[in-house]
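Both complexes below contain subunit A, partnered by subunit B and then by subunit C.
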Partner chain A sequence: MTKAERRELQERQRAAKAAAKAEGGDAKAKGGGKKDGGAAAGGAGGTRKEPAARKETQAAAAAAATARKDAGGGVAVGAGRVSGVHAVAEARGLRIFSHFALQRPVAAAAAKGDVHPAIVRLGLMFASFRICGANARCIATLGAFKEVIQDYSTPPGTTLARHLTTHLSAQISHLVSARPMAVTMGNAIRQLKLDISGSDIDLPEQDAKDALCQKIDDYVRDRIIIADQVIQETAAKKIQNGDVVLTYARSSVVEKVLLQAWEDGTQFSVVIVDSRPMLEGKRLLSILSRAGIPCTYLLLPALGSVIAEASIVFVGAHSIHSNGAVYARAGTALVAMLAKRHSVPVVVCCETYKFSDNVQLDSFTKNELAPLQAFGAQALQGGPSLEVLNPLYDLTPPASITAVVTEVGVIPPDSISSIPLALGRTVF
Partner chain B sequence: MAVPTSPARIRPVEDKSAQLRPSPSVIPDVARGAAPSFLEDPRTIPHAFDIYATYQRALSDPKISAPLAAILALTELISRSEAGTMFELVKALNDGAEALSKRAPNPIGLNAGCELFIAFVTLFPHESASFPDLKKELVRQGQEYASQALNFRAKVAEQTLGFIKDDSVILTHSYSRVVMQALLHAHKRKRISVYVTEARPRGLGLKTCDELTAAGIPCTVVLDSAIAYVMDKVDFVLVGSEAVVESGGLINAVGSNQMAVIAKAENKPFYALAESFKFHRLFPLSQYDLPTHKPGILSFPQPALSLEAKLSASQGRPGPDPSSIKPKMIPAAPQSLPYTEQRTMTPEQIAKNPDVDYTRPDLISLVFSDVGILTPEGVSQYLVGMFAG
Partner chain C sequence: MSSADLPAIPSQRVVEALAAKLRRRQVVGSRDAALETVFVLRQVIAKARFQNIHQLVVLIKNVGRTLAQAQPKEHSVGNIVRRLLHLVREEYNNAIKSNAPTRPRSLTIANFVLQGQPRKASLVTKAESSLVLNENDPDDPDSFAKTLKPVLMEAIQDTLDELDTVYESIGRNAKDHIHSDEIILTLGKSKTVEMFLKQAAHYHKFTVIVAETGPSYGGHEMAQSLSSIGISTFLVPDSSIYALMSRVNKVILGAHAILANGGMFAVSGSLMAATAARAHSTPIVVCAGQFKLTPLWNLYHEYGALDFADPSSVLGFDEGDLVDKVDVLNPYYDYVQPDLVDAYVTNDGDHPPPSIYRLIKESYDDEDNEL
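Right after this comes the complex of A and B.
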């Protein structure tokens, strides 16, 4: 078969397919509504002037497709004209952001199954953003799990190593229903489940529970508290006399770093960039200025005018993906990109337990929406056609990050993937 | 925590087959080292032992570079030290490394060596029955490594050869032993010609030119300010290194960074040659984040009190570091140093200039080392894998 013949065959098949589709579409359009059917017929009539037969069928198919869409709309309008505008708005919102988890207010009574009171309380605090921030949430979760473990008694016929994980799963799913799980919590829970399943079945129950609580304490100490101290010392050394340090929103680690550097006697000033709706930087501002550090506070739109004054940018992170991309408070990516553009080094402070094995390429595949009522923000007066979108996080590409300060050293974002191996965490 | 790469790098002494033996003057005599005259205070380093002098002595050998000299100085320290436990020994080593680092004008290279050796000592399996035996073993391993490391340049030269095409025009900077070896090795098989920068103020480029010309390689010295002019004519840039750092970047004689920037602008490959003992756990965020950066470097002559200082003085805070802020409009002070007849810089003016600079990883095409040909990311992954345990 020559090339021309093959091409001819392909085109014939394609035309046949399009024709079949057009027929089906027309039938549907007629079913949907009279005026839409008419539109389709008009469209098809217009294309009849086209000389080439193939083009004609294609155009007919396209017209049929639009007709189909119209038909769908017609059905919706027919179904309920009263809520018509609202339905359209909802549909639009759903189409793009339906996968972003938007918190529904959780009622304490909504807890399904055997949920521990500590977890119910924690869930409410998560949902209301009383406990916020990857480290704080992880520490609070592990603390609540310690209570759960201590109050747990193994039902007859099973062992702790086998049953406790399922008992914990119910608690975890309650927490997740309050607010999507943080990567830090995920990592810590994975480690905890590993410890549970590895606990000795011959151990008396109370001893096994104590051992698990000890492991939780060790995890918090080694991976969070000590790690923060090391990061604090390492990163504080990167601040020199006369530096202007720029930071975005509030990260507990960055806060510690700045206080440490100030305690070391380094003379520097801080620019705190903040953004609605959470305005977390205000808290950082009050803590730093109470320590005596000269601070400037501004909102994200003003960043462009001050970025040239900054000598270094410090930001925290929610998690770091294995390609080196940093998932952090929405706005971080803007700050990092602008800083990179102005050749200001961007330093991310992040413990290794925040490393995630996933690769994320943008902040649309996974994100979280901030519930406005949690921050006391009055609803925007825009009527039903307005939809407010407040993603909580964004993704900073590795190219706009200079260095990541971890407890194992200062490393470039590209080398993140070699760290878990060095830590011996090959198996999760 | 096991660091898998370290033991492989400082290899056990069994394979002695084809090594360069260092000259006897370089390796300190172990027997002499166990000096019994310092028993008054056995826990500290004997005062009579001057680690810096030992380092200098090792460095005087033209084949020994700073990291190796530091390793040799530390082995000498071990054999002299009376430490009775591993903890004491590591502490003595850390103190020795710090003493060295404080006294050396440019501590980057020796820090890399100290870091490598101390990491090796801490990870060394101590199964020896007696601690003195362990110390002897450590000394032996350290010296063995230093002697083996003299082979590394030949390995690097061999690896570079594959990237040098016949009739290549190469641009290099200042004087580097590993680059010299690579060029001389390439000259045996291929026709190459070399442009070398003068590398003021030390003028080491002239030394490169003399040695290459003596070997029969066509070589021309170019001004440091003519790098952009010559870049179009060269096929690639080859520089040595003082240290290769964790970001994947490079610390080398000042001028390397501008060479890399220009090479990038002209899309010419920029290759760095570095033996693996120059890999250093350091992450400079900028030129001024290097350990060699002193407040005096790039400082302005102090006329009257500048506006900046006045402002900060009134607020009771010291003025910012002059090197880290952009120059403000300071009223022009009368030049205190008269121009000499030859219009060359005075030693005071030179002292305000850096010896080394930092080249960002995105400007470097490849790093040739004895552990392989690495991309800058590869270098940082190697370093992270080795030390971040």
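Right after this comes the complex of A and C.
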């Protein structure tokens, strides 16, 4: 409520009070104070039911007046609300999904201000889903930032430590306009900004830039590449001979885990579950079958028929929240839920830099819609009342996850919040 | 009984034609299969020659067995045959009873057990008792058939009418199940659910989320049909069922067959949606005609109990040599356990899963469970 609105409301209430007092005066002055309360309540509900309340006052005897007016006011408020609901009902279908990030036309996202060409290119690739997946997007972003940093020169009268962050902010907002930022990117950028602000003022500019690029390389190496290798080795040990491993869509980490286990000589087969809109599992299917792993491919609705055959479920994650909930490709929650119901262990492969500090309770409040044109969705003729929604993510509650494999070990999802502490609270 | 004693199945050609169609899946969908079966049985009975009730029952059973074996997963074929057998016996018993003096049955604990399952059918006494049945009449072998046939035709017509109006009768109470401003989730294409929602839309404004249900993507057609009459419709991929479930007020599904234990076979994806709904404590309502009640107990989700469809819609030959290397699964149906379903809405009222077995006992005779 703005100041002006609040003032208007007060004014209205005052007017209502005055009117009530004037009429209450020629009826009886007995329950004045209480009556005021009733009138004020009426006023707060809106101006349109004042006449009704006034009529009540005139008709009622003084003793009964207050009580009845209160009731009348209540009814009037209720009625006002009901009519409001009807007015909104038309737009309801839209309103409930309105918070999802809307799909912007890719070409129209023109670079505003000082945006580096590498970032523009990256933005287009993000928007068209050419680069997709939390790790790939993070690595690509950091790579582009290295270019940005190398091409950057500090304007006179400021220092690199102070100005480079604002320069980067413009690049970041361009990337966000192309596609909402991944949690991984956010964590990496936070670390980068910390490094920038901590860089030595006395260092020559080129040396400072080189140092920053080195730090970016280190971050990618330590938090993503090496982390993946550790996860790969740890998780591959969880696959036994004769296992049927079930996985959903395509996660780069899970793919590496499966290939590693196969290379280690474990004999197992893989069930790949897939779903529209992305159908990413086809890619994984071709990679795994090329490696010689026996594969079964099915769409998500068929999962109920095969889940009992699986001995372990491996899924990747987009991010993992401090309550242990895993935010991942839409459909992961369904797979995990069914697996849990059939007592099949669900293992999430996730690097620690994907941890997010906040708690998320459901995937409705924060999600992203897949652009229809990116997946060749055919146009449906259904008139104005038909809409197509393609949420990209869902949230798997910690209850349906058995363990999370990270580079620091295999932990239950409830203990996720202790990981930053164990790592000495470095920024993720 | 020697085979010479059995009359040959008349209209053998019609029966074989339908069996072939069922086998080739040219007749799909439980209602269509049920309708076709009734048509065939009507023809068979019209042309049949029989002298006693036993011959008639054996005849119908033979036809039923041929059809049911042609497509064992199309349960409604067997169901409708059982239903007709039940009607035949009912008519016969009515006629017999009117001739024989009815002995008064007092209900004591002793004969409660002896009488066995109390039936709805036995409680209903029909008015027409003018039928005089001469079984095995040596002078006029056709007299039994002649007197019984008109009554049977009437019963068959009743069954057909019931099948014709099944959607309307199921949707009769739709407005009581769906309220204004609710968000309903449904799966794929089910004619029953479609009519149910459309009938509710006359009274309330609500939103329907339709999961497209691959690989047939029947949800596309469903969403178009619902939105064409102005229902606010959202088409979503199957993967987002869990993500959206927290805002869904009710899940309404169709069924392929309802089993005696209260579970059901339904389009694949139903198990997933029902489990997700259960995880969010969202009620699950199943709309189905009474002809889908199947006297079958399926306590396990057996791999062998599934029926598999063409895998090319999941992974087609356009994927190149990949197709040769991998297994592709495309089951038609899911088995949904009774504890996942909250209510069955049928043309015979609403029922909780635990009372399904009783409905089945009332609708069919025990001796017909095995055709």
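Simple rule for what comes next: the second predicted complex is superposed on the first by the 329 of 428 C-alpha atoms of A that agree within 3 Å, B and C clash if a C-alpha of one lies under 4 Å from a C-alpha of the other, contacts with A are read in each partner's own complex, and residues count from 1 in each chain.
Please note the rule applied: a contact is a pair of C-beta atoms (placed from the backbone, for glycine too) under 8 Å apart; a residue touches a chain by one contact, two chains touch by 3 or more.
Keep in mind it's a predicted model, so treat the numbers as computed, not measured.
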### Query
Should the pairing of subunit B and subunit C on subunit A count as a clash or a fit in the superposition?
fit
### Query
Which touches a greater number of subunit A residues, subunit B or subunit C?
C
### Message
Let me test your reading of the model: by the given contact rule, A:330 touches which partner, first (subunit B), second (subunit C), both or neither?
### Response
second
### Query
With the two structures laid over each other on chain A, which partner does A:410 touch: subunit B (first), subunit C (second), both, or neither?
first
### Query
Does the superposition put A:277 against subunit B (first), subunit C (second), both, or neither?
second
### Task
Using the superposition on chain A described above, determine whether A:159 touches subunit B (first), subunit C (second), both, or neither.
neither
### Message
Applying the document's definition of touch, where does A:252 land relative to subunit B and subunit C: first, second, both, or neither?
### Response
neither
### Task
For A:390, select first, second, both or neither according to whether it touches subunit B, subunit C, the two together, or no partner.
second
### Query
Which holds for A:322: it touches subunit B only (first), subunit C only (second), both, or neither?
neither
### Message
Looking at subunit B versus subunit C in the superposed three-chain picture, what is their shortest Cα distance in Å?
### Response
13
### Task
Overlap the subunit B and subunit C contact sets on subunit A and report the shared residues.
294
## Note on the structure
Touching subunit B in the complex, subunit A uses residues 238, 240-243, 267, 294, 311-312, 345, 347, 402-403, 406, 408-412, 414-415, 417-419, 421-424
### Message
Under the stated contact criterion, what part of subunit B meets subunit A in this complex?
### Response
1-3, 246-248, 281, 283, 285-286, 288-289, 317-321, 324-325, 361, 377, 380-381, 383-385, 387-389
### Task
Would you tell me which residues of subunit C are touching subunit A in their complex?
180-181, 183, 187, 205, 207, 209, 212-215, 220, 223-224, 226-228, 230-244, 246-247, 267-272, 275-276, 279, 301, 303, 306, 314-315, 319, 322, 325-331, 334-335
### Task
Spell out the residues on subunit A that touch subunit C in their complex, using ranges where they run on.
85, 89, 92-93, 96-97, 275-277, 282, 285-286, 289, 294-306, 308-309, 329-331, 333-334, 337-338, 341, 362-364, 367, 380-383, 385-391, 393-395
